[in-house]
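Chain lettering (A, B and C) follows the sequence in which the chains are written, and residue indices restart at 1 in each chain.
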Amino acid sequence: MSLISNIVEQLINGLRTGSIYALIALGYTMVYGIAKMINFAHGDIIMVGAYALYVFAALLGLPVPVSIILTIVVCAVLGITVERIAYKPLRSAPSLAVLITAIGVSYFLQNIALLIFKATPIPFGSVIKVSSFKIGGIHISGITIVTFIVTFVAMAVLTWFINKTRAGSAMRAVSEDKGAAALMGINVNKTISMTFAIGSALAAVAGILFICQYESLSPTLGALPGIKAFVAAVLGGIGSIPGAMLGGLVLGIIESISKAYISTQLADAIVFSVLVIVLLVKPSGLLGKMKAEKV
Amino acid sequence: MALLEVKNLGISFGGLRAVDDLNMSIEQGSLVGLIGPNGAGKTTAFNLLTGVYAPSEGTITLDGENLVGKGPTDICQAGIARTFQNIRLFSKMTVLDNVKVALHNHVSYGLVTSFFHIGAYAKKEKEMDERALEILKVFDLDGQADTLASNLPYGKQRKLEIARALATEPKLLLLDEPAAGMNPNETKELMDTIQLIRDKFKITILLIEHDMKLVSGICEYLYVLNFGMELAHGEPTEVLNDPKVITAYLGE
Amino acid sequence: MNKKINKTIIINIVAAIVVYAVVMILTQGGILGRQAMSIIIPCCVNVILAVSLCLLVGFLGELTLGHAGFMSIGAYAGALTTNALELPPILELIIALVVGGVIAALFSLIIGLPVLRLKGDYLAIVTLGFGEIIKSVINSLGFTGGAKGLTGISAYSNYKNFTFVYIIVLLTIVVIANLVYSRHGRAICAVRDNYIAAEAVGIKVSKFKTMAFVISGFFAGVAGVFYAHNVGILKPVNFDYNKSIEILVMVVLGGMGNIKGAIVAAVILTALPEVLRGASEYRMLLYAIVLIAMMLFNNSKLRTSLLEKRNMKKAMNIQKEGE
């Protein structure tokens, strides 16, 4: 019984981390789908989100719901700004150049945070206060429940938005073929901006959930979840929205199980090994589509 | 026996038969055309011959050697070289280096020689330069040997691609729309060059072309494809007057 | 054409001698402070790293983010070798260089064979993943000292041993620069420019990708050995992907596929923190801004128009000469 409840608890832990990965992975995948680029700086948006929440809620003392909304707005605007300044001029550049620029943006955001908030971690208690409860000997924390609900709602809304709204179908059209979409009267620039805004807003949500879990701020806090989430997006098949969700959850569970039953130190190695194996077997990821080059 | 023997060659993509039951027999030293309307499967046939796609069924033999199951690199070494419909040069390399890449398997030295430029390096590189320039001269490109390939005008890029293919010393040269995008003067000049290289290098040429003047002007034999299937084959005059062929091109 | 090549060779040899002489005068003459002396070997290490990564990013055209991983393999293998041996220092160091380089190359081969089937962004992330795997495996092993680090490594490659290190740096540069101008190097560049065409002219694409990967891994390992015997203590955290990115920045600033540029960038970026000691907080920020600005400039209309102007000028000059 205790072993089973232990496993269940680890699975729940895994799903919780996995949910956060999935939220971040959605941003990677949407941006990849539409701009065909890996937004390496996406993980750092999480960090910005966490610090923004800290500034609004702890330093300025604004009410929590207002702080959360402001945090999301800040991240969305940041996402659009980064795209306009750093990525837009490179739309026709080789993908290597875009990737390097994105790495530059990531460094930029981290170091700005380092200059403003310094390297010493800042303790920051959770702003979401939901009491935990027990079902049949299994302990579930309040933040876990909130994470599940928020992730589920975010995914449901996103799926509806992309499949059922005009703006969503514009996004799908641009990701298929920019040129053709422009000829059909779709504003490509606006659509790409919107994609970055949505992706960054999701990263902000992930950042809020993440910081409520770990309760400590540092300039590089986004790097590791960012990379993990990226691995999740690739695992699921980058460009595929259900793939990002699946990849995130799978990754979270693998990580949590390996930490609990194999080795804490090797958990990261196991996560990356799974990615490598999946890519070697299925180079386009679990749910991705392979495009062969025409000769 | 013919140089190239193709029997019952076919390939499907999903449910689509891109090439179906293709049979070809190309004699040593001949200049043969492969024609057909857009989407007839001509380039797919080239991709099958050069190992880009593996055929679903059928056999390809070059000079008695089976080619099915081999990849592009091995097929090149077996003696088939090609050009591409959408030009594929090594764009950031010079004109000379483009040709020298193709000499890779013919003038060789070891990795250690590459590291330290010792021993045979100077001699072999000089040999490569000479051979490459000799081929470039045929196409009147020797004056631009040090130009970056991407800086050549379009017509010359097409010629460089043919020069590069020739440098692999093929038995059979496949040209995919060599005259595409050329003006009538350039096309005329190209026709002469194609005939010249056939005679000078003693090779066999199979070409895809839309320009009927070029096709009827230089090809000795034609194969016509339509919807992946062979519609007709024979001497140009009889094939081009075949009502089936005319219908395929002009519609009912 | 041959005359021109000979001239550049002579200029390069002169430059190498001048650099050596300047460093020797500075170190022997006691002109440099301790701090400045301590960056001489790190400069050499980073030059080897940058030049070897240049082969992958600039000439093979594949972005890999796991270079620090191969460096760490070389560093640990070399350090464990010298720790186990009881020989004259220079002999120990030479053996360590060979062991470190070969083991790093071996890992490059094992990792490269499957991974190089991937392309572009996927390859970048998988190599990053491998770098992290190597790091966390080293972290969890006993004989590597784990997270606490491997200590007791003799300081064989400090500035007093500059001559030897410098010779190996020159050897690295010569080997990689020569490789680029050889049939093997041309094949590697052909794969970069158009792998389909490369296959069609008889180049085995996977063979040359692996070759570049292994050669680059070997030199990353060599750099790691020097690094280990310079700092004296190895910790897995020093080889995370930030280190890989640092090397990448050098290659990018050098102009991607420009070996001389990569060398200069490596030296400047290693020396810069010393020069800007007061502004060390701004160093990484500066890296970031330079990286972005460089990419934006390289792909901007400004650059194209500048290039066009230069070409115009050249063409005019040629015409004048013709008259």
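Convention: a residue touches a chain if its C-beta (ideal position, glycine included) is under 8 Å from a C-beta of that chain, and two chains touch if they have at least 3 such contacts.
Note that the coordinates shown come from a computational prediction; the quantities given were computed from them, not determined experimentally.
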| item | value |
| --- | --- |
| Longest centre-to-centre distance from chain A, chain (CA-based) | B |
| Most central chain, judged by mean C-alpha position against the global CA mean | C |
| More contacts between chains, A-C or A-B | A-C |
| Whole-Å separation of chain centres (CA-atom averages), chain B against chain C | 40 |
| Distance from the mean Cα position of chain B to that of chain A, given in whole angstrom | 48 |
| Averaged-CA centre spacing for the pair chain C and chain A, given as whole angstrom | 32 |
| Multi-chain contact residues (two or more partners), chain C | 196 |
| Contacts with two or more other chains, residues of chain A listed in rising order | 295 |
| Residues within chain B bordering two or more other chains | 52, 84 |
| Chain C residues touching chain A - in the complex, by the definition given at the top | 57, 61, 63, 114-115, 117-118, 120-122, 124-126, 128-130, 132-133, 136-137, 139-140, 147, 196, 241, 245, 248, 252, 256, 281-282, 284-285, 287-292, 295-296, 298-300 |
| In the complex with chain C, residue positions of chain B that touch it | 50, 52, 71-73, 76-77, 81-82, 84, 88-93, 97, 100-105, 107-109, 111, 113-117, 121, 124, 128, 146, 164-165, 167-168 |
| Contact footprint of chain A on chain B as seen in their complex | 43, 47, 52, 84 |
| Chain B partner contacts - residues on chain A that touch it in the complex | 295 |
| Residues on chain A engaged by chain C in the complex (per definition of touch) | 38, 86, 89-90, 92-93, 95-101, 103-108, 110-112, 114-115, 227, 230-231, 234, 238, 263, 265-269, 272-273, 275-276, 279-280, 283, 293, 295 |
